[in-house]
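Take a look at the structures listed below.
Below, chain A partners chain B and then partners chain C, in two separate complexes.
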Partner chain A sequence: MRHGLFAAALAACLLAGVPAGAQEKSGSKPGFTLPPGSAKILLIRPSITVGAQSTGGMFEPNADWTAQARDNLGAALAVAQQGLGNAVIVAEEPIGPAATTLAGYRALFSVLADSVIRYQFFPGNRLPTKKRKGAFKWTMGPGVAEIAKGTGCDYALFIFDEDQYGSTGRKLLQVFAAMAYVTVKSGEHRGYAGLVDLRSGDLVWLNADQQMGGDVRTADGAQKRVRQLLENFPGSTPTAAPAAR
Partner chain B sequence: MTLRKAAPVLALTALLLSGPPAHAGNTLIAKAQAVAVAKSALTITPDREWNKMGARPGRNSETWTLDGDGLNDVTFYGGIETDRTLFREVNKRVKPLPRFSATMLLPDIPALLENSYRIALATPLMTIESVAPCTFAGAKGVTFTYRFTRPDEEVRRKGEGYAAIIAGKLYMATFEAPDIYYYDRDIASFRALAASARIGATPNP
Partner chain C sequence: MPRLRRFALLGAAAVLGIAASVPRPPLPPYAGAYEPQSVDERGLWMQLDEAERTLRDSAFVVKDATLTGYVRAVLCRTVGVERCMGTRVYVIRDPEFNASMTPNGTLVVNTGLFMRVRDEAELAAVLGHEFAHFEQRHGLHRFQHSRSMTDVAAWMGVIAASGASYQIRSAAVDVSHSTIGSIFAFNRDEEREADMLGAKYMLAAGYDPKALPDIWTRAMDEADATSFGRKQKSHRYDRLSFFASHPTNLERATYLRGLVAGMGQGDTGHDALRTAIKPLRGAFIADQLKLNDFGGTEYLFGQLAGDAWDAELLRARGDLYRARGNPRDLVSAAGFYAQAIALDPADADAYRGLGLARLRGGDAQGAEALKRYLALRPDAPDRAMIQALLP
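Let's turn to the complex of A and B:
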């Protein structure tokens, strides 16, 4: 229950001016390496939501913006995946019970990534059991292999993106608040990319940022966002980033 | 209102909108040591390490977790008195939370939790699935299972709870986790906590 009551409070605190440098942005399972050409990666259709942030900070989804972002991020990912160092297969959208299973794991990834950010990447809120040296122990459980059945893939790449663009009212509030030396963020741009070992279900790499750059409603902005999401992807070559341009 | 006069008002609004400061102070709960929980006489002896969240859902409650409250959430309610809510009001004037009463029967407790969740989480997707008698904290109690989904998430969560009314006060422990993997993995650890619940046992120093 605590999750429900305090999620908003913590999110507000994160948005209310915690120095960006205070938060780690990526992590990987100790000892994990992914040499180029050693594995097949299943790219799960990204979860993308785009909308406006009201004056009070509420999220109002926008179907047109979301559709634009889906197209732009899809095109940018198609280019970027060629530089990831390993074969990438785009997962087909299943139907029937398999669709329910995939939706469940996609939702679980979102919660898992959120937990890593709050309780491992954010030092001020880190859980004692996650503070130990080399501790990066997060999993979706071995059942996740079900979503890659018959593909021969070794890893699944999950991508989550949520963009809230500040409304005019929110921007005005930001200006007036600044006059009183109060920090109010206008807009929120969260993105996570996570690689999951399909044999164990373990999260082996996560890149997450609560303040990503690039306007995903434009092709150029989407390319920038994808570069950020896949920054330091295991096994990728340094030239992978420019390849997304 | 001039701009100069409006600024403080808007700044106050901004402060209110920006929420309270981050609740730091998550602490380690060591295994095999009895600890008093939820600022009450309820003691628990864990058989493994847990993390106690720095933030409390209410005055007489506290949350433990293994990987974060979104993945595994154990909440203890310690000595909720008559006319008290289970956790803090979300919007007392418009949607007040239901209140505990010492005159409630044990089977009323799952419904109290259900109605509190429906209001606090603003979700109609909360159902009690089973209710059965049990022993909790050495007293006659009730155990129940439930499911819920938050309106802003697609994750389906399952829960299990144990509750007893002792000396007119409600003592309860609940566990909830995503129905994929986490619930099944961690339910045994929660049941071990619930089985260790005692009232008035002196915790180790």
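Let's turn to the complex of A and C:
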């Protein structure tokens, strides 16, 4: 019995590794298009954390790198606005009950994005209700309209970015571990961007990349990163994206 | 130590150009508008500042200015006004017994703490302990120590997987285990240090010394009551587990009792605490009941009541027994509700509980109590459901 369980666990581990390569990176609500110049988009304060990865794999937050990334990504997003073809308005920090509402929806979005990544982008792991081909049915509920009250925005854009740069020690460990036939991953670069329809609360587009390029600590790298984050953005014409360079 | 020395050298080099003076020790983190210094400290503060933005706007924060102000006043009395200026206080709706303080000065107090501290002196003991973590930069030291130890463990892992001899690989595994143990041992040492500094503050503020060990004695009693209620084995307090983040409650109670031995009585602030939590106690009790912890909750209510059960606690005890719902529990619950009603004849919820307990126990007289409930609370949200139970 114990042996059988062990074999099953081993098989599960091996199988889990296979579809990871086939994982999807983005999805959008069927039939959703955003004609250029038609919408006002509210940009919610992006969640950005940049740091190093220690030899043992711990995250070491770095204040300077994070500040650089915040500046660089902000500038790159401003440039990319032209590529989006729509007006992007940076959300102001609310006070009082509005702050609690926004905090609640930010938290809800991070859960939603994680769920989409886990249960939609990973075809082998789809929930029974998400199995129909081409279906992309996720919503935050119409109450989300409250976070854009008075701004006249049609959509809300949420951005998350986390970068861990492998330290010298980590890279050395990687080399030596490879000699002992052990795979060590150095660095981690994850991010997602999602667009929510503020009238219905539906998630209309999500792009999630667990291995992104571009060094966000530099202006050029940040532009590359933003291009990757906004890849397949509904309504961005293929020619508009290179123009953002 | 080498790290400190290196900092000292760097500092000396920086001031050499201006004046050949001895470098000053770093400012304490509570100093007015303190800015974190090293790369690690700045990174940690950046992350915690971001987390505090989320915490500040969280729906779990109890936005009660009176209670938060009271906690702040106790903290300021304990550690002094100058020190407490560098902190922000958040009361979190969480029925577990806990409080925490981050390296950037965010003090988080669970509502469950208010149910378990007997008086202001005990609250001061907990706040003093948490503040000591902040003042001594424990969060930063833990981060740095954990990083060093996981670095060593990673290298040992590579050696253990290499083609080295059996002796070497076996030694590498041993070293790796010790580094993991060291992370937790380091944590426990800092907890002891925070206990000592916190005790110093709390005693200097004139609070009752007995409060220091008493919290831990009752924490053990409550844990035992919980285990007994769940038919589990009681915790062991005579030895440490490998992964323990804190010394055992017994160890803390013992060394703190030793510390305060022979000290006279101090200010307990018993009534001040009771007055401060009174308006919210009903909500705290409701959260405690939802923990589904019969033994622990029964112990806690007994502690809160002392030798005088008030109507609110009697009703809560009735709710606890009615939720467990054995036939004998329903009889007990009805008794507690009746006592609550005797003390406060206008307690609508006690009538509701009495009626439901009696009906469930097969006593048709429960309908009378439910009618009384509806009469006392005309806008009852469950009016339709209750009416369906009436003949």
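Annotations
Note that in this section the second predicted complex is superposed on the first by the 219 of 245 C-alpha atoms of A that agree within 3 Å, B and C clash if a C-alpha of one lies under 4 Å from a C-alpha of the other, contacts with A are read in each partner's own complex, and residues count from 1 in each chain.
One rule holds in what follows: a residue touches a chain if its C-beta (ideal position, glycine included) is under 8 Å from a C-beta of that chain, and two chains touch if they have at least 3 such contacts.
Because the structure is predicted, anything quoted here is derived from the model rather than measured.
After overlaying the two complexes on the shared chain, residue contacts for A:49 are found with chain C alone; chain B is out of touch. By the touch criterion defined above, A:169 reaches chain C but does not reach chain B. Of the two partner chains placed by superposition, only chain B is touched by A:140; chain C is not.
In the superposition on chain A, contact is made by A:63 with chain C only, not with chain B. Of the two partners, chain B and chain C, it is B that touches more residues of chain A.
When the shared chain is aligned, no partner comes close enough to touch A:28: not chain B, not chain C. Of the two partner chains placed by the overlay, neither chain B nor chain C lies in contact with A:151. Using the contact criterion defined above for the overlaid structures, shared-chain residue A:200 touches neither chain B nor chain C, since it reaches no partner.
Shared-chain residue A:180: touches chain B and chain C both. In the overlay built on the shared chain, the residue A:110 is in contact with chain B alone; chain C does not reach it. Residues 56-57, 103-104, 106-107, 173, 176-177, 179-182, 184 of chain A contact both chain B in one complex and chain C in the other. Listed in rising order, the residues of chain A touching chain B in the complex are 1-10, 12-16, 18, 56-57, 103-108, 110-112, 114-115, 118-119, 124-130, 138-141, 143, 173-174, 176-177, 179-184, 201. Residues 47, 49, 51, 54-58, 60-64, 66-67, 99-100, 102-104, 106-107, 169, 173, 176-177, 179-182, 184 of chain A touch chain C in their complex.
Across the interface of their complex, chain A is touched by residues 6-8, 10-11, 13-15, 17-24, 26-28, 49-51, 53-57, 63, 65-71, 73, 75, 86-88, 90, 117, 120-121, 150, 153-156, 174, 176, 178-182, 185 of chain B. Within the complex formed with chain A, the chain C residues making contact are 36, 39-40, 42-47, 50, 54, 56-59, 146-147, 149-155, 157-158, 161-163.
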